[in-house]
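Report on the structure given below.
Think of it as A, B and C in the order they're written, each chain with its own count starting at 1.
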Amino acid sequence: MAVAGAAGPLHASRKAKAGRERARRVALYVVLAVLLAIVLTPFLWMLSSSLKHDIDVLSIPVQWIPKDWVWSNYDSIWSVAPMAGYLANSSILAVTITFLQVLTGSFAAYGFSKVRFPGRDALFLGYIATIAVPWQAYMIPQYIMMQQAHLTDSFLSLILLQAFSAFGVFLMRQYYLSIPDELVEAARLDGLSDYGIWARIVLPLTKPALASLALLTFVNTWNDYMGPFIYLSSNNLWTVQIGLASFIGQYSAQYAMIMTGSVISVVPVLVIFLVGQRFFIAGIATSGMKG
Amino acid sequence: MKHTKGATIVVTIAATAAALTGCAGTSGDSGTAPGKTTLSIALWSYAQTPEFKALIDAFQAANPDITIKPVDILNNNYRDKVTTMLAGGDTTDIITIKSTTDYAGYAAKKQLLPLNDLQQKLADKKLARLDNYDWKGTYYAIPYRTDFYVLYYNKKLFKDAGLPAPENLTWDQFADQATKLTHGSGTGKVYGAYIHTWNAMVQGLAAAQTGRSQLDPSDYGWMKNQYELTLRLQKAGAIRDFGEALNQQVSYQTEFETGKAAMVPMGTWLIAPLLADRKAGKTDVDWGIAPLPQTQAGQQIATAGGPTGFGINRRAKNVAAAKKFIEFAAGEKGAEAVASIGIVPAYQSDAILKRYFGLEGIPQDDLSKKAFAPDVVRPESPISDSTAAINTVLNQEHGLIMTGSKSVDDGIKEMEQRVTSEVLHQ
Amino acid sequence: MTSLAEPDSWLPEPRTTSAGGGRTSPANPPPSRRSPLRRRATLVGWSFILPNFIGFALFTLVPVLAAFVLAFTHWDAYNPPSWAGLRNFARLLRDENFRVALTNTALYALGHVPLTLALSLGLALLLNQKLRGIAFFRVALFFPYVTSLVAVAIVWNMLFNPTSGPVNQFLHLIGAADPPGWTASPTWALPAVIITAVWKDMGYYMVLFLAGLQTIPREYYEAASVDGATGWRTFWNVTVPCLRPTTFFVLVMLTISSFKVFDLIFVMTQGGPGRSTLVLSQLIYQVGILDGDFGYSSAIALALFLIVAAITVFQFRLQQRREQ
């Protein structure tokens, strides 16, 4: 598979290779189609279940096509639970946290990768080390701190907890490592300050990384269940994931609503992915950056 | 420079987010008017547990000077959230006690206020299962509802099979009936019974009926008969396979309502949803209840059961109002409110029972009424400091025995050994 | 300024340029130890790190350190803690549950890390090209990660149902006489969880790899092309070395997240059947929050931390050796 080669601009003798190229493409589509079928099968069942009655969702044998098409699920879910409000709450949290995480994460990553100063690496190690501690282990001390600061049951508590995670710093640092130091050095010789280098050279160069960090942070926040569950008590602050879990009662669960809600909750993220994914193929305009 | 602009944006966004009060539903906290008390109650799945609304509405009608603010917590993680909240010094006034296992946890940590004054005040009311809350002489909670296990049966399936109603069954007779009631295959298969996947369905019932306790791991041999019976039924295909039920998250309510299972041993909490579903036209199942099958014929009717109640947070701000609420919920007015939606109240009187059996759709036959008056109700799991930890072990081994990964004897031996070494000798 | 190399540093040097298509990076200027410059660098460095560090230290580092201190106490997460010295750690050594959970966690990581790494890298390479409909394929493969966990657990338990589940029906169809019991079997529950986790996570790491591929300066490919390299040679000489920081990041994050796995197992099997999918994070949760023994659960967390830290340091060392 000369897959990687295709990413590079191999212009030489294009015509001679046209036939082989077409065969390769067909093979590629076949592979992708098979992969897609495997990956999407569970989702198709979810989609179909979102159009069933509650009691038909987990019936045995498995129903792939709904017995009755309950389209009204997509209508009633908005009144059964305040779904629109849940979506709005999730959006507020996800957007704010993503913005802060990308901004402070990429800023700190520059300090960790392009400025050398004593103690830097030890500090970085401290960052990564905390990633290795499961949240369950410090959830209670953290909650006590938040309660003392009277911040529980507010969006601010979750924003403060999740916006400054070490994940973004680590991720951006790794991408910054692949930016040649000569570039930074040359800019310094041109009299640009480090802040200027970060803003005008490093940031534009790592757009794909920024896009992926933003996307992943957004999805993680969007899908987080335990954090909002522990910190947000008032119903009017609840997020989509809490809303979905609230369909599970003490003695029974509204499975069709869970599936309908899950399908709905996927849509905003997919829109963001479709919009953002152009960054992954657009490539970066490196020409002229050789200083 | 760019980063200063960024910093401005950060501050603006953070400030906006902090000011936002959320978009879903109505805000419960609208400030307290002078002279009015706002009482907060931690409870679960408010929208799907109608008894809470019934109680709160009735109380507020009787006490217009007290406003109640429910703190709605997801059912699945109720215990986890309450533990975290209390650790953080939360001041929610009333904590609803979901199970006696949870109760043991709160009591051991002394997270609730002693309510012996209320207990003495209510002593003449003979609240059912109040003694389950006796923690070394102190009562940290008062029950408002009670539940115990009965046998639900599908009258039509019994009639079709030409069988009499399941009166005075032993477990062996129950197994016979279940085999006879099983018929069909594939989608149309009807099981004679459905045994839910909880370990209480085997261990809890066996404990209550043999009078033994899970707290004593020296000999768990009393579980053996119940395990062998259940496994026999499973092997014969008269009950749904444990692994399948677990994976498919089979709902006992759905199994019973759709006529997939002719008999379902289950707690009295199933009555209210059955009534509600029949009323809503979701099911047309013709059902009755019978006393739980017994280990031997001709004995007293023994079953497992437990209370649901309210306790007061040690850090509560409105203790007087909280006591008022608990007394109301445990008393006649509270009992009327919960009984009117099919919940069995802890407070029991002829008037309440009459009201209960006057509910639309409730079975009126004598057997059902008899099922309502078991001779002995023992806790499905007695309480101590280690109830939760013991239950974890017992539940793990339950899964292994029921999936056939371990023999009954090996499983029981492992339970005895693990509870002794992991829980009691720690 | 960029070259105040610390001799004992084991962290990877930003030296990726040496990997690019036969190019070599210019020699760095000699290290300068003069203090004004150094102080200035320190100030500049900290100014970059501070906005994130304040939030991180306050809301993550402090609670983590608090949990580590609590590991040396008996604490029920409510009443005042009492000093326990090393007793929690002594208990750890003879705790059968800890041993089981550690084994399960390690096995999970052994299955989850290589599978996810290979698949996500493969997918990223496959999807890093200009093809009609490529956006659709990318979105589709990212789907599983976006799907809410509550739904994922329901779907996969349904698929893995030993008697009526589609997975076993398919295995029957292709001739398996006795297909596994999956989540209903103590032997197969862990593989079932791993399969679900790989399905869910590969799209996530694919995104990271895609970004990494896009960050490789195009000049390297041009240079390789000028040198006459094609296909595999370009892949080995340009793509692989340039992707190394990303691969390293993915490897470290995958390892750490595998050792901390909680959510998926919590909703899918709750650790069962028996203890067959009990993992360390779940044990921490069970012991600390449900059984009210937070001191001991902190000790388990500290042990988990030390294990993961050791593995991560090892990975950093290995990475550094390869760089040189």
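Please note the rule applied: a contact is a pair of C-beta atoms (placed from the backbone, for glycine too) under 8 Å apart; a residue touches a chain by one contact, two chains touch by 3 or more.
Since this is a predicted model, take the numbers as computed values, not measurements.
K.L.:
Which word fits the touch map of the chains here: line, ring, star, complete or other?
P.N.:
Looks like everything touches everything, fully connected.
K.L.:
In terms of C-beta pairs in contact, which of A-C and A-B ranks higher?
P.N.:
The greater number of contacts lies at A-C.
K.L.:
Which integer distance in Å separates the CA centroid of subunit A from that of subunit B?
P.N.:
Inter-chain centre distance comes to 38 Å.
K.L.:
Nearest whole angstrom, what separates the Cα centre of subunit A from the Cα centre of subunit C?
P.N.:
Chain centres of subunit A and subunit C, defined by C-alpha means, are spaced 15 Å apart.
K.L.:
List, in ascending order, every residue of subunit A touching at least 2 other chains.
P.N.:
In subunit A, the residues touching two or more other chains are 58, 60-61, 103-104, 107, 139-140, 198, 245, 248.
K.L.:
Would you mind listing the residues of subunit C that make contact with two or more other chains?
P.N.:
51, 77, 154, 158, 161, 163-165, 285, 289 - these are the residues of subunit C that touch more than one other chain.
K.L.:
Could you list which residues of subunit B touch at least two other chains?
P.N.:
Where subunit B meets two or more other chains at a single residue, that happens at 10, 80, 84, 87, 244, 248-249.
K.L.:
Within their complex, state which residues of subunit B touch subunit C.
P.N.:
7, 10, 79-80, 83-84, 86-87, 105, 108-111, 241-244, 246-249, 388-389, 392, 395-397, 399-400, 403, 405-406, 418, 421-422, 426
K.L.:
Could you please specify the touching residues of subunit A with respect to subunit B in the complex?
P.N.:
Contact set of subunit A toward subunit B: 54-55, 58-61, 81-82, 84-86, 88-89, 92-93, 96, 99-100, 103-104, 107, 139-140, 143-144, 146-148, 152, 154-156, 159, 195-196, 198-200, 229-230, 232-238, 242-243, 245-246, 248-253.
K.L.:
Tell me, which parts of subunit B touch subunit A in their complex?
P.N.:
1-3, 6, 9-10, 13-14, 17-18, 20-29, 44-45, 47-49, 71-77, 80-81, 84-85, 87-90, 186-187, 244, 248-251, 253-254, 257-258, 269-270, 273
K.L.:
Taking the touch rule as given, give the residues of subunit C at its contact with subunit B in the complex, in rising order.
P.N.:
51, 76-79, 91, 95-97, 154, 157-158, 160-165, 181-186, 271-275, 278, 285-286, 289-292
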